[in-house]
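There are structures below to look over.
In the two assemblies presented below, subunit A is common to both, partnered first by subunit B and then by subunit C.
Now for the complex of A and B:
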């Protein structure tokens, strides 16, 4: 009896030798990384990411840290738009709410703008997310009554209202053209935005953002494969049938907006804690469009695609800045035409159009195609 | 006082539904008994699907009473009625096309799974245990409807007949107390129709689920149904056993038209 019990346990846990694709329990099949290649690749990429700060320049690290923070925001937009199918152009507003909440909590109490002097990231980060989530839940009733284009227009209005309020409320935001200092990324006295004994500020920030991004990504991935994520997808694909499954549509959309805004709020707080200073005009429609570009280019509805998209968009300026040395026609000066900033705007548009036309599944889709090619190699399928 | 055994599962009394003056349903009444397979037939546009939409809460009738398991469900939101145990399939398949067969079936389990979004983020403990348990349940439906080979494919890619079967499975996953089937064999070939007939009989006999079925395939209706209701232009013509209904002069008229004098 005991021998068979051990045998049974080893059978349910392990894989058959030489049969890597055979699942022997539902737990095995439903695991997050349920194939050997997934386990190996994710392991290698995460390991490489942690080694990277000791291999590349600090300026690239800062760009990547920003990319990770942007990825958190993009993951949020992916939840409401990619999973739940509710097009939101108002993402910049929730980023702003989060950024100002964090800045106010961590700000200098004696400064010119509102500040409570609590610099611990464990306080201001969740607070930024929660306040933004509350804002999202308050906006959600619109989403429960409108859909598609109408919802897009209403959330667009949110950005303009936000820009106006942020611009006028100068006690909190410093006002247009002035701005205020952002939240300080401090963890029990360890300030990530300063050089420490062993690490530079950029290495610190990079590692902090990497860890946070991994946590948020894991949460998003778990959400997507859960009861809640399935309900989101059901509402996206066929809302009437979703209702017949017992899914409460208004409630589900509200939860989607709340979670998405939580991610946006955290992202807003983190992005500007890297930059250190920000002003109200940052939270414009362009920021929302950037996030939509990240989700679309990465692959709507997928977590890994969204992260790829966010990093891609974040690294784009680094690439275009190199262009003037290869193509002398393009100038690095704002005053001349054509300059790299114009080129960047054009590239955003071109990339969105190009991906929608040629690879609607985004970077994730390209990755899937490459994977499938090598899976079957040397046969075509 | 009636015992719960012979109380009707569904009782519809004198329901009237009109859209901007057009009568979709005019005075329909019927009751479905436990374990019964009740069919609704009638020409196109007779209001059969409208009756389903009234039952499941999509439309709210202007007049009449609708009771499900002894309680009025009139004016209740569709998801509440679904949670009471009413499942349905659609005339034009309404699956979640980007999701896999398994995910579609798991969505049928939605109301039986209890954990919320905070547990979902962690996907450990209760959330994981529930996912595994319901996955096991769903696998029984996969087995029952012979969907093994399609399990992990997005349903949008599947052939029509299989999609119909997945939709039936999704409704069954809800463990319904009443099943509404809207044209379960529409567009199917003979073989697929016979398979579906077998599934429907199994559902009624083995799972003991009462069924209301809207169908155009007369052969199927006459073979399977315990009782048939005929509607035309929203008006009920007759209700009775299949062979009685078939010979009813008004039914013949509704389907074949009235004989012209001297013609």
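Now for the complex of A and C:
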């Protein structure tokens, strides 16, 4: 018997040496890292990231750890907004749901606020994600009927509802202006938020967040190249056309919101487990905007761009805090004007406007442009 | 004969036995290069062979194949050979009238046609080919469920016939194949016919085997000889002897992996993907590639343009030095090339799809040495080779390391070549010389002497006693009114080396001076015009622009400065249309039909000689 054409096509084969563009199977074309340089560079960057805690100061490590946790949240927003094209301003709400779920599970049973005393991260992290995902799926029916501006307004409402509920439910949250302690990052008795024998607390947290972010990033990347991910892109590019191709719109949008919220819930739990303490007013519109800034500045729809954006926004305060020593006009005090916190807010705005105007594809777009310049060498097209 | 006869078919059977899972062929399907292993390939050939038996094909019959390059072409070709029938390749661009002539003249019993277009051509001329019994089509679109003719048969059904025949008579094919003899007709290759109607050159199994031995196994072309690790790209018509060698016979003899280009338009893209190690092109392809590089570089950003200009300058130097050494690198060129490789040549060759080319060849028509030197300079080992259908393409070739630019190389070992002292015509004699023209005794008598010498019809001369330089086709030599012999192809190629000129036809037989009809290259001149804000609508409009005429005049003047007084082109006219096979101006191999051209553009020719009272 001869192999039929389809059998021949589906037979999985590796790449041919030195011929990166000769695809012998679809799997090869869809591979996670489909070119040799990508494999090498991702490897190098990951390796460098693991060596970093032994090279730089602890305060920078803490900022980076926070940046990684933010990146997880940004990856979530990227799935629903960048990939599936559903504008969501309600990301802060899902972050809050996750953060409180985790805090409640890991909290002290005898404390002032609700707590169940299960500090193992393997319990509270998935739980935070799942509860947020359920919240996302509950919201999704709205999203499947709306799009664009209307969806943005509805999700904005979500943030206000959240702020109100979190502020009033003081048994869980401690109430406005008071707050409560966050989840404890503990793995079978190993507490990442404390100095251990060989590593400081910041090194511990950095490594934990790095590993988690890599796991989540890998998940997001794999999702993007799967059947579901392709459905997301189709919905983003033109929902009616996607429906014509047989994509189930309500289900796809629900899945997008669910997964996105799962990411947000996990990110919320992690962010505050680094900081240690939080209060309800954190989950305001500003937090949502911050995430949108990360996705847009990084490059909507791309995983590496989103991570770049998240790290960029997280490192921004570190940079602005240096400013008063160079520009005495700007104060480091909250009470004086202009101060660095105001400057930060202005910078977010400016960056979003600037990127949307001049580099709509974000940091990733800049990278693509540089790459294409060399890819086309010695031609321009 | 005690030993069984070897042929491409038995060679494929050997490969299928020795390396069944290695890749034999690749073709692109829905964006994926799917692979055919030797076992699969041989299986398909067997099925095709059995199907031919089932359809009543007997040894000596002809099977016509009218298709673009694709695995089924090879399967049909070798399936026919397996049952001792001869294949006849028809160019996909052949218009219906020529298809009718070829089918009728060859007396093919079965036609393998690619798609609806080719089936339609065959049906339009069925009356002229009484011997045609079956038409097997490869692409069902537009045919299945629409055409109702009992002579039609789809490719899958054809293979199914073979399968059931094989089940009933498992040994039938092997028995027929065992009877194969060296003087069996292997294939009929129709010459392009620049003057008269095409003539079918009969190549026997012995001819093919001789060419295989000289050109492939003994490595007359490549050094070291080709092997299973070599990749080739198949994109020129398989009805031509050159592509048949580089695709079918290289593959069968040396086990090279054949990759089929999707079409002639996608060749640049397919080259980049496949990155072949052995690449054959006709001059038109190399000229077009060169023009493409120049266009794309001129459109590049400032820095890239400067870098390119610098390294192309260096490449010129390297090319010149290589020309002096015969293609062998010296320490100086190696160093310059190594540095340039990092900054420029590697990337350039990668974009062109020639990064892995270890042997590149140009043949089938004369080419301007400048084009060859350019490719040598950027690191593509380029060799001009010479041969023709009638001697199974075995005549001369430039050997790696012993290249002489402007010549077609040295005589292959084990073959004879002489140049007639009176006429200067090149004659060859060896086991690859064809058996004669199909059903054309007279033409055969003219081409072959009593003692086996083949008249090539090319005029040539010895260079340094080892290499051969071709002056021109014998019948193309121009004798001016002043009695001077001029070779038009030298002048034409010098003109065609410019990226702006696609066709040049030099005229002047019996005239007082030389003139030329010149066809511009639409892509490059169009780009040139756009950069000068010169609007145009059609080819004709563009070629009538005074600026374009001036551009070409500049090139003509520049080329003239390299030739002697009598060889200079005094007048020229631009052709108002692109020359085309369908309109009878070009042959299937894109060669200009001179007589047709000067007849069609008689007004322009008259005009050139009317106004001029003498050389300006």
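Before moving on, here are some points about what is shown:
By definition in this document, the second predicted complex is superposed on the first by the 345 of 381 C-alpha atoms of A that agree within 3 Å, B and C clash if a C-alpha of one lies under 4 Å from a C-alpha of the other, contacts with A are read in each partner's own complex, and residues count from 1 in each chain.
Operating definition for what follows: a residue touches a chain if its C-beta (ideal position, glycine included) is under 8 Å from a C-beta of that chain, and two chains touch if they have at least 3 such contacts.
Computed from a predicted structure; not experimentally measured.
Contacts of A:147 after superposition on the shared chain: neither subunit B nor subunit C is touched.
Legend: residue contacts after superposition of the two complexes on their common chain; A:194 is shown touching neither subunit B nor subunit C.
Touch criterion met: A:21 reaches subunit C, while subunit B stays clear of it.
By the touch criterion defined above, A:241 lies against subunit B but remains apart from subunit C after alignment on the C-alpha atoms of chain A. Applying the stated contact rule after C-alpha superposition, one finds that A:361 touches neither subunit B nor subunit C.
Shared-chain residue A:228: touches subunit B; no touch with subunit C.
Once the two structures are overlaid, the count of subunit A residues touched is higher for B than for its counterpart among subunit B and subunit C. Once chain A of one complex is fitted onto chain A of the other, the partner contacts of A:378 are limited to subunit C, with no touch recorded for subunit B.
Within subunit A, the residues touching subunit B in one complex and subunit C in the other are 26. Residues 56, 58, 77-79, 82-83, 87-88, 90, 94-99, 103, 106-108, 110-111, 113, 115-117, 119-123, 127-128, 130-132, 135-136, 139, 170, 174 of subunit B are the ones touching subunit A in the complex.
Taken in their complex, subunit A has these residues touching subunit C: 2-3, 5, 8-9, 11, 13, 18-19, 21-26, 29, 376-381. Of all residues in subunit A, those touching subunit B in their complex are 26-27, 30, 32, 219, 222-223, 225-231, 233-234, 236-238, 240-249, 255, 259, 301.
Of all the residues in subunit C, the ones that touch subunit A in their complex are 29-36, 40, 43-44, 47, 272-275, 296-297, 299-301, 304, 307-308, 311, 344, 347-348, 351, 355-356.
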